[in-house]
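Please find the structures below.
Next come two complexes, and both contain subunit A; in the first it sits with subunit B, in the second with subunit C.
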Partner chain A sequence: MQNLFNYISRKSPIHELTGATKLVCLLLWTFAVMITYDTRILIALPVIAFILFGISKIKLSDVKFMIGFTLVFMVLNNILVFLFSPEHGVGLYGTCHQLLPLWGGKYLTAEQLWYHLNLVLKYLSSIPVILLFVCTTQPSEFAASLNKIGVKYSVAYSVSLALRYIPDIQKEYNDISKAQQARGIEMSRKVSLVKRLKSASTILIPLIIMSMDKIETISNAMELRGFGKNKKRTWYMARPFTKRDILSMVFCALLLALSIWSNVSRGTRFWSPWM
Partner chain B sequence: MKNNAVKSIVAIGIGAALFFVCGRFIAIPCPIPNVTINIQYGVLAFMSAAFGPIVGLLIGLIGHALIDFSWGWGVWWSWVFSSAIFGFVMGCTKKLYGLNDGEFGTKQIVRFNVSQLIGHIIAWGIAAPALDILIYAEPASKVFLQGIVAGVSNIVTTAIVGTILCVAYAAARPKKGSLKEE
Partner chain C sequence: MIEFKNFGFKYNAQVDYTLRDINLKINPGEKVLIAGPSGCGKSTLIHCLNGLIPFALEGEREGTLKVDGKDTWDMSIFELSKKVGTVLQDQDSQFIGLTVAEDLAFALENDAVEEPELHDRVAEISEVVNINTHLLHSPQELSGGQKQRVSLGGVLIEDVDVLLFDEPLANLDPETGKKAIELIDEIHKKTGDTVIIVEHRLEDVLWRPVDRIILMEKGRITADTTPDELLSTEVLKRAGVREPLYVTALKYAGVEITPEMKASSLDTIILTDEQKQKVRDWFKAGPLAEKKSDEEEILTVRDLNFTYRSDRSDAEDHQALIDVDFDLYKGEMMAIVGRNGAGKSTFSKVVCGFEMPDTGTMIMDGMDLSTLSIKERADHIGYIMQNPNQMISKTMIFDEVAMGLRNRGGITEEKITERVNHTLQICGLWPFRNWPISALSYGQKKRVTIAAIMSMEPEIMILDEPTAGQDYRHYTEIMEFLKELNERGTTVVLITHDMHLMLEYAERSVVFSDGRIIACDTAANILTNDDIIKRASLKETSLYGLAKLCGIDEGQEFVSRFIRYERGNERHAEPL
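Let's turn to the complex of A and B:
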């Protein structure tokens, strides 16, 4: 089975951090990126992110595909924003510096370009960190870390079950799909859209019925082993925090605090040289 | 009740795995390049109808977040929450079509589709664009158009895939009242 979540096992300080630490850091970091449009912070974050990427010993070639995909997504999103609202930046920043006339009496403004720069920076600040998390955290440790940061263990266990059964369901899907294709089910461009959806359903029905049986079997097995009897449980993959874990979390919490402070102290999320 | 709790946990796990596999690997080609049809919402609607609002909510949340993680572009929280909201709405109306009673005729099909319509409108017409504006400060016209396109395509796929799944599943269940004490 292909390695879905792209975990890459290497020896590096980032790999050695516990899963819970990385999850907390990821959440703090992405929230910090999400809430601010302060360009000064958005320039600093990608720099730190790329340094961390270097420390993790994950090579760019390892994540080439995902980066390419995300960049396409980023470009498309920017184009869409621009086409729909070429003067969006003016509204956000409250100033207007016209550069070039566009269609319908609208102008290409410096503020709009500035807004797009910020959007791109936002992507650049979050992509490396997310890739870092995905590449350096073992999926089975992920569920344990969810529990550690306070998610109820039943929900964490659901996540762990999902991760465990994705390859199984994928394999079953492939088997059923081949069997149905042998019986003449067509899912390619040759037939109409509604027909394709109906064909997909003929594969999904056996898959769903099998999954419902599976739910029955697994829940019975868990019941027999006394799952859910106690308020707490332990995790095979859980590890205690070390000094380094605490330091990383404090660092990311400071980033979030900086981002919040920048918003609150100036009374706005946005920052531009003209303000 | 205790049995139900364990079953819900498993249903969330397996449901999220199904949602993930359908969303990530089953690409049905569509006339517009680079756009694939999301049949996972048909599956989500079905699972919520069978197991209720909390299960639906968490399948949407976990399944969608895992898909986003596996692509590596970061979790687009506004849309992840919208998937969760859709699952929740479908689960809330569960009683209206009694999927587990083994009956899924015209009346139930109509009810199912009306609730999925409402669910999708709340999720993609209201929640997703509103959260996009709030979190990402994107232009309103753009996010509403994206939401509407996604919503319409999801309504169509849920109407076809979800309905077929429900009918097939109900047919495989014993009918309510089919056993009588003598």
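Let's turn to the complex of A and C:
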């Protein structure tokens, strides 16, 4: 069974950073990636990201499912952009280098390919960092850090509870699905998608009922132990910031600043060799 | 001090009062057992004590309930939780934290206790409940007993005065259950807290002494007395709570139980020579066991190995079944026992095709099972999961029972109707055939899931913990029903923790331990074998202890005699 979200416990400098640091860094980093199309920055970021990935001792094989999933998404994204607007790049960069004729009088342009390169680089900049965050942050520390950056603790806690129960629900889903298959519900690729979706409902009903039962028990258990009593709560897993935490956040803040400066100073978010 | 005065409670959603005329005083430091059949109101009583009523579950009350002189209706659930700590029944869902340490710390976190006190208190409490070496483990990595230690620690950390245990033995194997009762006793002695245990497994709770037993029936208290006193009456039997087996055996032998005999434990019981003689006479008067002959195998499993493979590079694979050889005879009723994680459920999943074995052969009636898909195997082997809610996916009973047949295809709707109706009749569900499933009780839902599998007419039925969490009446009802099916020719395999079930209903029992089968014998022989008992976390039956006490050397024979006598005395439960 594949785990979607999974903390992987290893000893590394990245693991040692507090959850709040990693969350702040993740946010700064993704903003930096989001706002710019400056290819020079977008080449640097994946390089740094992959180095960080190496430092974290998380192996690619640990996260192959997530990587596969996002790569498929990336390819799909690119194809759709290309199909719907094959000369999008020309508009963005303001130059036009035609390479091959396409349909309807449109051309494959160097600008369009450059734009796709930038899209791919954006994915490559953000995927490793998101995975890094997910794999090196304990869910409970994640909740603590959400709370630290101002999210209400009840919201923060439900996020971590959800993460806590994902493996249980996966297991339950597996058991229920097998038991339903035994009663003739076909879930394999042999039948049509519509039929499979219909079959899925016979698994979802028991799954939902079981989950509702669980939720009731857990919320009672939490109330009985004083959850929601005060406006504030403390966190066993919360850790104080160290120098490393501050440095990491400063570094990510600088990246964001660089990204903003690149946009503002040149008056555009885009960069190409022809500009 | 806890004081109920003419107390009654009615849930908003219900017409009748669930609790009536409750007058009960529990003094500080007392250890009290509250027993009673399902639906007697004991859970409601607990909810009133811990504050879930009226804060989470609303309703009307009459009379008063005071804790330490204060009316609980005037307190908040948080204020009450400082005094009364609850250990819930389901250790899995009450485990809130992601690790042991966080779960222990949960109540303190909510009190906004700061560092370093938070860590110090967790360290301290983890030693009290002896879980200090597992602080950073996740719940999935703990055994049932360890989880219970954590739940207890999480409550103790608040310095409560009253500890409330809601069915602490449910879901635990016999050995772990015994340890849990010892732990509760230890904590009671150490802290001097008031301890209230709600449980219908009387004999197991009495493994350590309690001061009083409060018996509840239909929302009222019908007995409030010492265990010795209670066991000398017949009220338990009437209420549908099972008395300790040795007490039943003594009664069968014609020994009259009096409070002076101190019958609440085999360690304290005083039997005169005359009474012991009575037991010996009763033992000798019984017929010898008849041996069954010409058994024909229906399922043969050889050299079965199965490994759970981990998808992580550094996590270890776990071999759950090792060289399993297994024979199942046509028409028998067999129990599979062993502690949690010993391989019982994995074994049945592999047989049903839910998981693929690494190696091994499985032959059923000359068919090689490995060539069949899940669906094809299900035509011959039915698997019924523990919780009926895991299986039910239709809203109407008829559709649920017809689902397997409809999916099979090639059967006319007329034929299906005929077969489903027949199944419903056998299963005692005929009167409910047009009911929505949501209107049924837990026991009835269980019947629906059994019917849904039965309609497909498998030769073998495997049931995972068919009686877990059921009181004696429902237990008897479900088991007698299965016995009937068995007598109609279905081979039945029961995965269970329940030693009574194994003794009373299984002709043979297979014992799993760490992925291997370590024994296959009659329950009477297994439950009197120290070595197997220890390796599989089972519990020696108290009948064996009674036999020893009365100078009977043939312990196994005594146990079988008891079971045959019981079976002769069949108590057919009325259907719901």
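Note that the second predicted complex is superposed on the first by the 243 of 275 C-alpha atoms of A that agree within 3 Å, B and C clash if a C-alpha of one lies under 4 Å from a C-alpha of the other, contacts with A are read in each partner's own complex, and residues count from 1 in each chain.
Methods note: a contact is a pair of C-beta atoms (placed from the backbone, for glycine too) under 8 Å apart; a residue touches a chain by one contact, two chains touch by 3 or more.
Small disclaimer: the values here were computed from a predicted structure and weren't measured.
When both complexes are overlaid on chain A, the residue A:Asn230 reaches subunit C alone and has no touch with subunit B.
Of the two partner chains placed around the shared chain by superposition, neither subunit B nor subunit C is touched by A:Arg266.
Contact with subunit B, but none with subunit C, is seen for A:Gln170 once the two complexes are overlaid on the shared chain. Of the two partner chains placed by superposition, A:Lys195 touches none, neither subunit B nor subunit C. Within the superposed three-chain model, A:Ser126 lies in touch with subunit B and out of touch with subunit C [touch as defined at top]. Contacts of A:Ile205 after superposition: both subunit B and subunit C are touched.
By the touch criterion stated above, A:Tyr37 is placed in contact with subunit B alone, subunit C being left untouched. Of the two partner chains, subunit B and subunit C are each touched by A:Ile218.
Counting contacts by the rule stated earlier, residues 160-161, 164, 168, 201, 205, 209, 214, 218-219, 222-223, 227-228 of subunit A appear in both its interface with subunit B and its interface with subunit C.
Taken together, the subunit A residues at the contact with subunit C in this complex read 1-3, 8, 10, 59, 61-62, 65, 138-140, 160-161, 164, 167-168, 172, 175-176, 178-186, 201-203, 205-206, 209-210, 213-214, 217-230, 232-237.
Subunit B meets subunit A in the complex at residues 2-3, 5-7, 9-18, 20-22, 25-26, 28-31, 37, 39, 42-43, 46, 50, 58, 62-63, 66, 69-75, 77, 135-142, 145-146, 156-157, 160-161, 164-165, 168-169, 172. Residues of subunit C that touch subunit A in their complex: 50-52, 55-56, 77-78, 81, 85-86, 88, 90, 92-94, 96-99, 101-102, 105-115, 118-119, 122, 140, 154-155, 158, 311-314, 349, 352-354, 374-375, 377-378, 382-383, 385, 387, 389-394, 403-404, 406-408, 452-453, 456.
Within the complex formed with subunit B, the subunit A residues making contact are 4-6, 30, 34, 37, 63, 66-67, 69-70, 73, 80-81, 83-85, 88, 92, 123, 126-127, 130-131, 134, 154-155, 157-166, 168-170, 173, 187-189, 193-194, 196-198, 200-201, 204-205, 207-209, 211-212, 214-216, 218-219, 222-223, 227-228, 269-270.
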